[in-house]
Amino acid sequence: MISSIITAFIVGGLICVIGQLLMDGFKLTPAHTLSTLVVCGAILDGFGLYEPLIDFAGAGATIPITSFGNSLTHGAMAEAEKHGFIGVLTGMFEVTSSGISSAILFGIIGAFIFQKKKTTY
Amino acid sequence: MVNTTGTLQFMGKPSIVSTGVIVGPMEKQSPFADSFDEILPLENEPNETYEQANTRYIEKACSVAVKKGHEKLENVDVFIGGDLINQLSPTNFAARQLSIPLLGVFSACASSMESIILGCLLLESGNAKSILAGASSHHPAVERQFRYPLEYGAQKPKTAQWTVTAAGFALLQKQAKSAPIISHATIGRVVDGKQTNPLHMGAAMAPAARDTIERHLTNTNSKMADYDIIMTGDLGKIGLSILKEMFQDEDSGVILQDAGAQFYGEDSFFNAGASGAGCSAAAFFSHIYGQLKKGVFSRVLLVATGALLSPLTFQQGETIPCIAHAIECRMEKRG
Amino acid sequence: MKKVMYVVLLFLFITACSNTEEKENIYSESDSTQLEQVLKKQESINGFKSVMDKNDLLVALDIKRMKRFQMEKITTKITKELEEKFPNKEVMVTGDLKIKWEIEKVIDQQLKEDKLVEAIEKIKSLSKEET
Amino acid sequence: MDQKQFEKIVDEQNPKTPLLVNMLKAFLVGGIICTIGQLITFFYMRFFSFTEKTAAGPTVATMVFIAMILTGTGLYKKISQFGGAGSAVPVTGFGNAVISASMEHRTEGYVLGVGGNMFKLAGSVIVFGVLSAFIVALIKTILVKMGVISW
C-alpha cells in the first residue's frame, strides 16, 4: 500500500511537471496544455502503454487528465474489438462517464450553493 | 487652438473643480487610500451582479464629485465616461440613473483621459458649463470578460496586472477658483509594439506612452525636467522600467512614475501592479489631484495608457495595439 | 470409497510435511503444493494468496512494484502455467489488490463447500466488471 | 527607436520565469493531489466492492466534488497560483474549470448561463479527447483488420 502511494505521488507529479513545462516552456495557455495532454493520453493508449502505467501508479495515472484520453480510446477500442468500425463511434464514452458527469453535476450544484456574498482573493 | 500632431492647447482655462473616487475593498491597502473619497467594503452587494455593482460605483463617484464641487447633478451639462465592459453598459446604465446627457467613450484604460480631453474641448467651445468626466473599472466584471472566470485557477505570471475596482470622476468647469487647470492635452496615436501576451500589457503599452509623451514634449517645447511628475496610467512595474529604458533620459528616472506600479504598493500578490480604466482615474483624481491642490505639484503630465485588445482579437492571433492620451495639469501659485 | 481415499491421502500428506510455511491458500494441500511449485519460481512476485474449489482457482499475486508495468503479461503467463497443472479448473490470476483482500477474507473465514463456491463466484464477478 | 531595439528592451526587462521552481511546485502539488486520489481509491476498495480498476470512476467523482468545495470557497485559485500545472492537470483542474465557469455565469440564468457556459474552458479537453480517441481507435481498428497487429 505504501509503495503504491509513493508511485502515485511520483508519477502524478511527473505528469504535472510535463504540464508545467508545456505552460512555461512552450507558452501554452492552460486550455492548450490540457488538450495536448489528453491527446497524449489517447495516443499512449493506442500503443497500449497507458494501462500498464495505471497498473503501476494507480491514481497517479488515473487522476491526471491524460487518463481521460486513455479511457475514451479504451472504450472505443473495446467496442471496436466487438463490433468493428461502428464500435469506434459508440464505445467512446463507455468508460469515461464519471469525470464528465460528475463535473456537470457538481458544476450545477456549485453554481447553486455558492452564490457568492463576498468575493475573496 | 490646434497645434501640431494631436496636441491641443486650452486657452479658456478649463479646470478640475472637484473629483469623486470610489474604490473597492481590495484598494484599501493602496498607498493612495487616504485620498480616496470612499472605500466600499464589498465589491458587489448580495443579489447584485458585478455589472450592476460597476454601475453603482459610477453613480456614487459622480454624486460625490458633484457634491464636493457644490454643484447639483441637474446642472451638469454633459456626462462623459467609459469603462471596460462590452458596449459600455455600466456607464450607459449609470447615465440612465443620473439623467445627464451622455457621451460614452472607449479607449480601454485610457478612457479616463479621453473623457477629460473631450470635456475640455466642450468647455472651450462654450457649449457647456460644467461637465462630469472620468472612467471606471470593476475587477470581477472585467476579469470575466477579458480573462477567465473569477474562481478559475490559472497561474498568473510576474508580468500580470490586477484590474482595480474603482470609479473616478471629475467635475470640469471653466476658470474655477483655486483649482488645477488643464493647459494642454495630447491625443494618442494607436501604436503597436507587436506584443501578443495579454498577461504582459505593460510591454505592449510602453511604446504608446512613449509616443504620446515625446509628442507632447516636442509640441509644447518642454523637457521632462519641467514637470514635477509625469505619471503614466497602468504600465505596471515592468512596463514602467521598459518605458524608462526607452527614454534613456536622465530625468526619466525620478520624474517618470506609474500609477499602476504604485497602486498596490509592493505586494507581490498583485504581481506587476494595477491596471484598468479605474486605475488611472482613481490615482490621478485622488492622489495627484490632491497634491496639485495643496501646491506640492505645480505642473504635471498625466498619461493614461490603454491596451486596445479584446479576447476575440487575441484569440484570432492579432497583436495588441495600444493608445495613450495625455493631459497637462497646472496649478497656478496663489496670489 | 473414493472420498475416504482422499481423506487418507490428505492426512498422510499433512503429517508428511507439517512444517509448511505461511498458509496462503486453502483447500486441498496437494493442489496447494502444485500451486506453490508454479508460483515459487516466479521472480516478479513477492507473494500470493489463493483459494480454490472444485471448479475454480483464484490467485491474487502481489507483484513487485517495478514489475507492475508488465502486470498483464505476468498474469497471462502464470494463468497458462497454472492451467497446465490444473486442467480441470477454471483459473483466474490477477494482480488486483482488492481481489487479494477478498481472498484473504475468505481464507480468514475458513468457508466450506457451498459457501466457498458462492464466495468465489462473487469475487469472480467483481473482477470481471469493466472499468 | 525601432522595433528591434524595443524588443531587446522588453526581453531585458522581462522577469525570467522560474522554470525549475515552478516545475518543482507543480510536482509537489500534482503529487499530493494524486496521493489523495490514491487514498480515496483505497477507501473505495476497502469499504465498497470496487477493484483497483473500477475504483477509478468513483475516485474521479470524489476528486471533482472536492474541487467543487475548494472552488466555491475560493481556495482552488490560491492552490493554482502556487502549483500551476500541478493543480490544472489533475482531474480537479478539469472540475475547477467547469465549476468556476458555471458559478460565474449563474447571473445569466441556469439555461443560458450555467448550461451554456459550463464547458467554456473545459470543452476543448472533451472535444480533443474524443477526436484523438476516435482517430487512434480507427487507425488501430484498420491495422487489426489488415492483419498488421492484433488487439
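Each chain gets a letter, A, B, C and D, in the order it is written, and its residues are counted from 1.
To be clear about the criterion, contacts are C-beta pairs under 8 Å (C-beta built on N, C-alpha and C of every residue); 3 or more make two chains touch, one makes a residue touch a chain.
No experiment lies behind these values; they were computed from the predicted model shown.
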Top-ranked pair of chains - ranking by C-beta pairs in contact: A-D
Chain ID, smallest distance between chain and overall C-alpha centroids: D
Separation of chain C from chain D, taking each centre as the mean of its C-alpha atoms, in whole Å: 41
Whole-Å gap between the CA centroids of chain A and chain B: 45
Centre-to-centre distance between chain C and chain B (centres being mean Cα positions), rounded to whole Å: 78
Averaged-CA centre spacing for the pair chain D and chain A, given as whole angstrom: 7
Of all residues in chain B, the ones touching two or more other chains: 150, 154-155
For chain A, residues contacting two or more additional chains: 1, 4, 23, 30, 115, 119, 121
Shared interface positions of chain D, touching two or more other chains: 17, 22, 52-53, 56-57, 71-72, 74, 83-85, 88, 93, 97, 99, 101, 103, 105, 121
Interface residues, chain A side, partner chain C - complex: 1, 3-4, 7, 51-53, 55-56, 71, 74, 78, 94-95
Chain A residues touching chain D - in the complex, by the definition given at the top: 1, 4-5, 8-25, 30-31, 33-35, 37-39, 41-43, 45-46, 54, 57-60, 62-69, 72-73, 75-77, 80-81, 84-85, 87-89, 91-92, 97-104, 106-116, 119-121
Parts of chain D lying in touch with chain B, wherever the complex brings them together: 1, 3, 6-7, 9-10, 12-15, 17, 22, 71-72, 74, 76-77, 79-81, 83-85, 87-88, 93, 96-97, 99-101, 103-105, 107, 120-121
Chain A partner contacts - residues on chain C that touch it in the complex: 65, 68-72, 95, 97, 130-131
Complex contact set, residues of chain B against chain D: 49-50, 144, 148-159, 193-195, 200, 203, 206-207, 210, 238, 241-242, 245-246
